[in-house]
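Look at the two complexes coming up: chain A is in both, with chain B in one and chain C in the other.
For the complex of A and B:
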């Protein structure tokens, strides 16, 4: 018995333990369509898209220490570009790739200016650029459809040079595509953040001066970070366009940039899995609270206030700081 | 040319609303170092309080402004004393997120209290009517707004430059620790400064009720142009906020006349260009 509790205590933090959790989570995601209705799948897809956006925010905020109010702009870039390509009759993959590419190009161009600043000026500049994209999507009627947005975006089939051709018109089919794309994207980000580049990002967050003393260009690294973040937001948007089949300018409004910020904060911003946990909790909370009361925003506001004032590490931070030690001590006492 | 003058005057009166919001934003940022995203919500609360006392309680126009000032002052006090004070030491990102949360709270509270009804403007009889300017009817109330905005600007300048309290504010703004060391009660001063900023927002909100439709989304809508203004003038500079408000008010009003298509875009473009070329703004660096 002692042996069992000891291994439990040791394994709670271990890599293998995390892998088991992760494996179970992924299996759960893939068997979900077997026993759930379309509404739940739709919710999970929304969660996945919010999750991508949250990673985009967390990469900037949690890892590099920059708060962007303009991520919705890149999200809209991805959504509109993908919508346009699909409306032109292309298949799904080119739509997604072009959506991400357009967001990346926008992020490189705008990021060139944004990364010169930090803190408040960075936040303000991203806000300005995001709102510029918003006014473009609203007023450039010929291209974006104005306030009505793009309507009737087809959920095109996923085909690749006659090698395979998978129809995407049902919700479960598209669900698998979204989940696969999201998981791959998150895995790539995980690898990036655990590479030297990821360490540079965190170094910039902790001390910009020291990083530049080592001989690393802070500005260039920030631009890379900003571009990657833009691509993740763009991917979220590109996945959204065929899901909703309509895209309206409100996607790029700055208020939309705050959802992923809140989700990140909820989940925990100094933690890699924070955005996943945060997006899931955010959606569940919203779904539950909206059933009971009209005053969803009030409760959300209060939750954020409490989080900012007390648990800046979010759920995952609290888990690490309080629950994990408590669990360990309980297990030790048991032994 | 007549069009131009008339529209510029219109722009001037909308510039005054921008100025009133931006002034409070600037005081809160300059003294407490907090960029209050919920400042627009204080403006909105000012409008709701003034509307309630004018329309529902039937007080006169001036008393309803006082009512709004008291109400928003109390809200500002509670906000600073119990929430913002705990966050001054944290990175600016947390301040932005915290004050954003207040937008959600205030928007929802107004929805709960006043419902989702729009506040339909009702002009007090005192200001009804128009006077001809360049051969066209110009509302008297808009002239009053221009006067009130300039009055607030002069009053602020007098308070900041000519009173002991203003001196303390400036001292705290430029060198917080030093001011503390020579015996200024910084926490109390910060509370007072924040309440003062909230009062400026309340004046703006209260003055807006006769001509502007107000609903529970105004808080988030009014803050972005105010950001544009403060950024252009220079964060923390009152002079900058005033000039920035004039520039933005007049430009956007002229854009609506000549190129309505890209009015919004131009505003954000100006903001972005100023931030890129001169992030401290037109009047940054000097207070």
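For the complex of A and C:
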């Protein structure tokens, strides 16, 4: 037994330990459809989409020090663009790619104005642009369908020339696609954040004057960051369109900007896995509390206040600061 | 060695009605350590801000090796070979010590847009960062979070970040402020060594007279936005006007 606890103590913080957890989590996600109904899969897909949005928020907030209230706008860009393309009869992949591309273009154009400012001005500008997109989705009736939105978006098959052709009409099939796309996107973000570019983002968060005095254009780097964040929100939206098969202006409502902010704060914004943990917890909390009381916002508000006042680093921050050392000391005592 | 590397022509900057820099001509010779001294509010830091592109002058021009750099932004002026440190500590407190020196190297080595491979995969960055950290005696602390270092170590780290882009000219704004005598001595030692080894021309803003007279080859005295006097440290020490307005209390 001593041997076992010793190995546990040694491995609990190591890279390999994290990889084992990660592997188990991914396997769980992939075998989930074997023993669960469509509703649960639908929920997990919603979590995955919230998770992408949260990463979009946290790339800006936790890694570059910018609070955006406008990510719903890019989310809607992705959703509408993907919906339009699929309604025109394209297959799934072009729909997703164009959804992401449209969100990226929107982010470059709006980011050009936003990244000149920081802190409260940046937050207000993004909120304003987000609301502009919201009213655009409502008023541009010819293109967006107004309040009715886009209806009957097909869950088109995933085909790539003649190499493969996978039908997506069933929930489990689309579930695999969403999970794969989300995991790949998160992996790419992980690489970005550990790369030179990611280091620059974190430098900007810590001190933008210092970054400019080591020879790097802060504005340009911020614009790149804003564009990547827009793409992640756009991917979330693009995945939503075939899932819901209907896209209404509510996709661009500011609530879709604040939900991921709350999820990120819940999970921990200085931790890479914070947005995943936060999205899952936020979703479950909402779902569980709603069963007991209509005033779920009140309960959630209390939980968030406690979290912000006591655990600045969110759940993952608390795990690292309190639970992990406690667990280690317990294991050591046992050994 | 005696050629002028950086000069300003009739530089003027005012904030509202307050004239911070009043029509000054500065000259910095390459290869020597120049220090700028003067009482609080003399315009020393503003002068550096104007020369490095942090601020832009109302009037006047700045020439670096006879090239007009007046309207460059800070990141552009770094690319021309001018870096600086700050009076108020300016490091990346949440990054590790190693990351703090890796970041200034990215732009120098053209890696600032690489987005897929981890920073540690770039050999040239890693080697250069190790060299700098060993020079600063911070290599053993490379994995510590920079904000947790002692004040003196943070000062040394900031200096490392200023010299990492291999500048031709480096401004140090009160490099020893807030340090204890022991740390101050080691920082001075470090500046001296860097100035002797490298090809960087240092300009130092200082309050501490010991630092100025022990370190610099040339001294510029500023007061109320103007250059009061300049010369070799010994001359300055004997200049009556300077003694009156500035050194009086200390000498």
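One rule holds for everything that comes next: the second predicted complex is superposed on the first by the 332 of 335 C-alpha atoms of A that agree within 3 Å, B and C clash if a C-alpha of one lies under 4 Å from a C-alpha of the other, contacts with A are read in each partner's own complex, and residues count from 1 in each chain.
Heads up, the rule we're going with is that a residue touches a chain if its C-beta (ideal position, glycine included) is under 8 Å from a C-beta of that chain, and two chains touch if they have at least 3 such contacts.
Note that the coordinates shown come from a computational prediction; the quantities given were computed from them, not determined experimentally.
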### Task
Check the residue A:301 against both partner chains and state whether it touches chain B (first), chain C (second), both, or neither.
first
### Task
Once the structures are superposed on A, label A:330 by its partner contacts, choosing first (chain B), second (chain C), both or neither.
neither
### Query
Thinking of the overlay built on chain A, is A:255 touched by chain B (first), by chain C (second), by both, or by neither?
first
### Message
Tell me the contact category for A:199 with respect to chain B and chain C: first, second, both or neither.
### Response
second
### Message
Output check: A:18 vs chain B and chain C. Expected answer is one of first, second, both, neither. What do you get?
### Response
neither
### Query
Inside the complex, what are the residues of chain A that reach chain C?
191-192, 194-200, 202-203, 205-207, 209-218, 221, 224, 270
### Task
Spell out the residues on chain A that touch chain B in their complex, using ranges where they run on.
61, 65, 67, 113, 116-117, 119-121, 123-125, 127-129, 131-132, 134-136, 138-139, 254-255, 258, 261-262, 265, 294-298, 300-302, 304-305, 308-309, 312
### Footprint of chain A on chain C - complex, ascending
52, 54, 73-75, 78-79, 83-84, 86, 90-95, 99, 102-104, 106-108, 111-119, 122, 125, 161-162, 164-165
### chain B residues within the chain A interface of the complex
35, 83, 86-87, 90-94, 96-98, 100-105, 107-109, 111-112, 220, 224, 227-228, 231, 235, 261-262, 264-265, 268-269, 271-272, 275-276, 279
